[in-house]
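Both complexes shown next keep subunit A, but they swap its partner, so subunit B is in the first and subunit C is in the second.
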Partner chain A sequence: MDWTPLILSAKLAIWTMLLIPILASPMASLLAFGRFKGKSLLDAVVTLPMVMPPTVLGFALLVVMGPRGYLGGLWEDVTGDRLVFSFTGILLASLIFNLPFAVQPLRASLEKLDPRLLESAAVLGLSPLSTFFRIVLPNCLGGLAAASILVFAHSLGEFGVILMVGGSIPGQTQVASVAIFEAVEALRFDDAFRMSAALIPVCFAVLLIINKINARRA
Partner chain B sequence: MKRICSLMLAFCLLIPTGAFAADLFIAQAANFTPVMKEIIPAFEKATGLKAQATYASTGKLYGQIINDAPFDILMAADERRPNKLFADGLAEKPFVYAKGQVVLWSNDKNFCGDDWKATVVNDAVKRVSVANTETAPYGTSSMKAMQAAGLWDKVQPKLVYGQSISQAFQFASTGSADVGFCAYSSVFTEVGKKGCFTVVDEAPPVIQAACVLKSAPHADAAAKFVKFLSSPEVQAMKLKYGYK
Partner chain C sequence: MLDVKMTKRLKHFDLDIAFNCAPGELTAVIGPSGAGKTTLVRLLAGLERPDGGGITFGNTVWADVEKRVFLPARKRDLGLVFQDYTLFPHLTIRKNVAFAASNEDRVDELMTMFGIRHLESSRPSDISGGERQRAAFCQALARDPVLLLLDEPFSALDVANRRNLRSCLKELKNELHIPILHVTHDLDEALFLGDTILAVESGRIAPNWLKEQQAIQRRLAVSGLAREEGAAVSRAEEPRPVERALLGCG
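Up next is the complex of A and B:
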């Protein structure tokens, strides 16, 4: 059996999980602590990918990331490569549709943070940077862990969006979910079964590992 | 506000969505949708029977049929699935109802020379979309054309795969792929008219077969429909949408 789609899925899920805090953390703090007009509007925009049907989101991304879209055009001018139908392309798509899954748990854990803790830190003369690393981060590990697990699981299983912007290229964008779908369509039920069966322990093992790390840290 | 919302919700729950009563249920491969939407009213007018079609990929319809979906006729996008149903004793003998042609379509007028072979190897063409070469009949036909022209190895790194012929067309029409192996019928759509195409002569015609199912709940209506398919009226509709 060809393992490439499974490896590709794992690669995509891990990259998404590693990169998403960069996007999600500022957004979550803005939504948790920010007081500004249009906050509910921003909230709705961030949550939109969670509500939209994946094929709709995928089609929108295909247009924006295509060579004639803003993002795709800019990308092609700068790098000379095409953004859609590449691993970078599906990774970017994956980051976008996973954003609400990371922002919501992070935001919840930030909102639960006791403001007295932050005030005490300020009174005791802790700089904002060390406040973040010594107060905010340790208190939000639960939220971060929840976000990572959700994002990992979600990007491993994502199908509709990747089908749209990926183009199912073996070794580049043909992830496990797409490969399994194609195997079923081609009536290759054996392959579909083997890949699906292989996916279950992989997911299970990763979740166990993440849980263990969190238990140790907490 | 709350009251209005709950009233609306209650109203949604009450809207009847039960299946319409029809005299004939057709399982239609999605590529033939525009033609079928013209055939059905004509058939209903001619016979007074009510027909209803379900549009999905041949593979999905096949999967539903072997799991006892109550269809009368399968109008497939290939010959393989009807033949298999016939061999398994689930359907009557298949017949050909349409033939499709592969074309190389592009949004960019620069990519439509006389020769598709020169276009696909052109360095300015970075991505070429094609339907899944294993499951989609148009994909298989496109692959055979590239193999016959000795270009398969050269073009393969540029290929992006759509799950169906309509997705291959979608990739080309959004410009995400520079050119695409598409169905001749897609040239007749609104978007298709805005681009340009070259006929791929090397691609074998895509033969679409249909079969009446042995379990058909409306065998008489199905027989009438099969007869209607070979009428000159239907022939004209097929030609209009790029089928033979």
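Up next is the complex of A and C:
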């Protein structure tokens, strides 16, 4: 059996897990603490990938990230490479698709934080940025860990968005879920079974870890 | 010198207050619940903006609504102790006290003075309420603040801890030589600690409130004592010398 799709899935999941806090932390902070017009609209936009059919989101991303799309065109001008049907493309799609899955637990964790701690930090002379790194982040590590692990598990199982944006290029964009689908299509049930069996314990372990984190937070 | 003359629209009334507080002076702000005492502290701390007037500390304008000046909390160099302990839960007691400290020697000195040196490596969740409030005092004082704001700091403590911390504060008052604003709803506490007493009711200074409260207390004491032992009645009827002085009736 070719293990490349599984390795590619793991690579995508790890990169998504590592990069998602950069996008999700400011967004969750904005939604948790921000008081501005259009907050519920922003909330809906961020949550949209959670309820949107993955193929619809994938198609929208394909349009934006394609060579004629705004983002794809800009990417091609700067790097000379195509964004769609590349690992970078599926990574970007994965980050957008996973954003609500990271923002929701992080936001819940931030909203649980005693606002007087932030006031106390301000009175003690801390700037908003220092307050974020010295007070907010250490007190929301549980939420951040839960968000990262959830995103890791979710990335492992991505199918619709990846297929639309990345296609199925072996070694580049053919992740495990796509490879399993193609194996079944080609009646290679043994390969499909082995890859599926390899993914199940990983997903199970992830759920156990999340439960443990949630129990500690409670 | 802290100079305050400001207004703030609140839900049920307008806070409209003017007073000053000199270095080394403790102003006890007293009044019923919901009188606007905590809002006053938050305005002085820079956690809320006034709607009119302003706050000046020495030569620095902290807030001036007309000139659109507002110095944020982090730039006011003040110490604030909340009603219930707001220590950072992820830090040890020493790290909490040293969080914004001017130097480590001051941290040692304050922790010794407040009797929490042995708790250095404990977390806030591992110690008692009284110990947490001592640590909160140390944290606020360790940065050598120019003004100390205390928002009912003893209200969640038991009697023994309250008495002990009151005495600590009285000693500190002379040593620090900074203006101290102490919000309380405990009349005895205000009389024990305050150099000046500022009674606040529905957002305004209420000069008669304190006298009325004392009259009520005296009546209660008289009736209670009269039932138990008649001899004590004459003592309870008259205000103590300190009360007479503060009320300006001596």
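As a working rule, the second predicted complex is superposed on the first by the 196 of 218 C-alpha atoms of A that agree within 3 Å, B and C clash if a C-alpha of one lies under 4 Å from a C-alpha of the other, contacts with A are read in each partner's own complex, and residues count from 1 in each chain.
Following the convention adopted for this analysis, a contact is a pair of C-beta atoms (placed from the backbone, for glycine too) under 8 Å apart; a residue touches a chain by one contact, two chains touch by 3 or more.
Since we're looking at a predicted model, the values are computed, not measured.
Applying the stated clash criterion after superposition on subunit A shows that subunit B and subunit C can sit side by side. Look at A:Val123: by the touch rule set out above, it reaches subunit C but stays clear of subunit B. By the touch criterion defined above, A:Gly167 lies against subunit B but remains apart from subunit C after alignment on the C-alpha atoms of chain A. Once the two complexes are laid on top of each other via chain A, the angle at subunit A between subunit B and subunit C, using C-alpha centres, comes to 150°, given in steps of 10.
When the shared chain is aligned, no partner comes close enough to touch A:Leu61: not subunit B, not subunit C.
Residue contacts after overlaying the shared chain place A:Glu182 against subunit B, while subunit C stays out of touching range. Of the two partner chains, neither subunit B nor subunit C is touched by A:Leu156.
Of the two partner chains, subunit B is the only one touched by A:Phe85; subunit C is not.
Of the two partner chains placed around the shared chain by superposition, neither subunit B nor subunit C is touched by A:Leu6. In the superposed model, more residues of subunit A are touched by B than by the other of subunit B and subunit C. Shortest separation of subunit B and subunit C in the overlay equals 29 Å (C-alpha atoms, whole Å). When the two complexes are laid over each other on chain A, subunit A has no residue in contact with both subunit B and subunit C. Residues 114, 116-117, 119-127, 135, 138-139 of subunit A are the ones that touch subunit C when the two sit in their complex. Interface of subunit C with subunit A (complex): residues 45-47, 72-80, 82, 86, 88-90, 99-100, 139, 143. By the touch rule above, subunit A contacts subunit B in their complex via residues 59, 62-63, 65-68, 72, 82, 84-85, 163, 167-169, 174, 181-182, 184-187.
On the side of subunit B, the complex with subunit A involves touching residues 57, 59-60, 126-127, 129, 132, 134-135, 159-163, 170-171, 174-177.
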